[in-house]
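The following pair of complexes shares a single chain, chain A, combined with chain B in the former and chain C in the latter.
Presenting the complex of A and B:
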């Protein structure tokens, strides 16, 4: 999780990984989730954070979280077996 | 404020495969007005010769193939003309000569911060495998002096392989035919021997580092190339921080007791393993990133070579980028004619004392 915590995220959604030098751009939802994950929020906390920031239906939220975590695994930014705690 | 420092620097061939000299010079002059630079060039048309905002005086020096005596004589003359305090050689092929001359230069009051001849030999491409005995992860490799040795190479190093020249150049070969073609290309460009190395897939990372000669690290900046030319050279890059790479650099320094600047070229594979592909015994061309990121390694080398106390080296700023640019410098025929005939361009009115 150290790599996730070390990510530098700008207000515009530009992400820099100081470990690899890789850069990414993320949308507002992913930016919000990354912020929550860096703060160590669990799934309920992330859902609450998204509800607070966006107008969205409840069924979208778990899928958004899972999609982002899948991407983070793919880019090696979290360990392969990482799951968001409940 | 210490006395002004006059530093002689080689490697002014700032082409699309640039020598490190211009990067070293820009670092020396970065945010400082107490450094005067003397350029040492092998050819009148080396681009750095015409960077008159960077280099006060420029002198031609003899090619390494001419032996050490002409170099000694020429440096003696240039020293009389400019009074340089320190020399920073930046090209692989010239380093043996400068290493051999270092004690004589020191006796004349000229400082260097160079590896020993043994250290230089230890990291040469043909002997890189010996670093494995010192605990550094190096890919399997073989030194070839005959193309027929390639026919059985797959028995010890499976394809794909990397075929390398003794100083520069590398080609990935997936088949014997490609390997043979690469072999002849390397021989044609760089001569014998040819080195065959196991190809390792992964992220290519570089470290610009300076060793204190006693096993310690003066400083190091890590970089990942973000744009690579068709010659495999980094045209853009970003400063990174990988703790495993820091450990590897520290291990290299303690294992070799390296003295002076160097560049480690490393592959980090998908499993997080590290493989040292090359150790270059001098600053890399991208070394200005170290100054730009806040850890000015060339200036640190100049200070140490001059026997001065090292100014505090601050940590570098991760995320600092470099993006190279090709610029057309404008010059007149005067500088070129003076380089071509007298072998020197002196802009600073001689010795600055």
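Presenting the complex of A and C:
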């Protein structure tokens, strides 16, 4: 998880990975989740964080969290077997 | 302060590589309406997926083509290529504008007759002309474009039997630079085969040779190819005049003009790469300058256009079924229109946009159709904004070949509607249902 913690994330959603030099763009919700993941929040904690910061209707938030984590795995930003704690 | 609205989290990796001096920033805009009618209204009325044709666009394209050639030639004829889209309503729009019919089978000939086209205003083309077909169409004066020597012999025999002198054209294949020759159709020019066939017709006097025809190929992006084609066709006409005193009443340059779609191998988008009708016409006129005919006997220039007339008038409305995250990091978007209805996605990168306003970061996205088949990809990687299940997308410039080459496979084929010039819309082909398919099935008594 060190690589995730080392990500430099600007207020405008620009992400720099010092390990690989790769850069990314994130939207507000992804930025919020990266923040929560860096803090080690579990799934319920991440859902609560999203609900606190965003106007959510009937969104399937756990599905979206899993989708982002899958992207992080594919880009090598979290270990291959990483799962959000339940 | 109110909280921002939630949207799905997106982490988009920046692509690195050499800067491309030809690239442009894609600024995708939603298409919420088709010819002034809301996409939502159309889908609620006719279901999804849904093909929608614009009468206004068909007419505009037809007139643009006709006028581009009419400015350069005294006599021009557009023969609408039925195989491109033979829905009656579409054909009738074009016939109302004055188009003749170009057909390549007895089925299409029947369609043209059903649409009120007189037999003598039909060009019958292609390799499929059975004796039964010819016996049926010859008494109606249909123009026969001869493909091979067997067909020529058959026509001569039928001419004797039926006591007719059929009006025929010689289909010729020839070589032009930068295009693979379509040598399987007609008689080859360079080898002398075309001249041999013409000599036989003109000396035999059982057939009336009234035209020469060459179809270069399809989706030809270089107008110069038509200059060369027209010049060679004119050269053959000159030779026939010198040898036999024969004057052709028409020279048919076929079709093959590009629409605004984008081939998969093509670099620039269609609106930049596809030549205007004016450029095609100018090239053709330069080539035809080689024609050495007496004043007053100029042949009619025949155009057998299909794709270029109707492709841009057709859109396909489709609904998002699901989002998926693919193992390579791309987003997969499953939509309810697959290659079964959007057959042209095998060779085009279709222009597709959301049908509703959108926000958020675009991601590399692959669009899959609804079929349980791995080949069912309707759009390779495209930067596409976030979509939810139930949102709609609009595939543009899909009016050619899809509603003729589509397949009834796994699911029903969708409805097709047309929006009239005055904004009225109506169905021109019903959505299939179980009864549609059962109507042609039978179960033997022992089952």
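Quick notes on this structure:
In this text, the second predicted complex is superposed on the first by the 83 of 86 C-alpha atoms of A that agree within 3 Å, B and C clash if a C-alpha of one lies under 4 Å from a C-alpha of the other, contacts with A are read in each partner's own complex, and residues count from 1 in each chain.
Definition applied: a contact is a pair of C-beta atoms (placed from the backbone, for glycine too) under 8 Å apart; a residue touches a chain by one contact, two chains touch by 3 or more.
Computed from a predicted model, the values in this text were never measured in an experiment.
In the three-chain model built by superposing on chain A, chain B and chain C fit together without any clash. Of the two partner chains, chain B is the only one that A:20 touches; chain C does not reach it. Contacts of A:75 after superposition: chain C is touched, whereas chain B is not reached. One of chain B and chain C touches more residues of chain A, and that partner is C.
Residue contacts after overlaying the shared chain place A:56 against chain C, while chain B stays out of touching range.
Looking at the shared chain after the overlay, A:12 reaches neither chain B nor chain C.
Once both structures are overlaid on their shared chain A, chain B and chain C have a minimum Cα-Cα separation of 6 Å. Touching of chain A by both chain B and chain C, each in its own complex, is seen for no residue at all.
Residues 8, 16, 18-21 of chain A are the ones that touch chain B when the two sit in their complex. If you check the complex, the residues on chain C that touch chain A are 2-14, 323, 325, 327-329, 360-361. Residue ranges on chain A touching chain C, taken from their complex, read 15, 22-30, 32-34, 50, 53-57, 59, 64-65, 67-68, 70-72, 74-75. Residue ranges on chain B touching chain A, taken from their complex, read 203, 223-224, 226, 237-242, 318-319.
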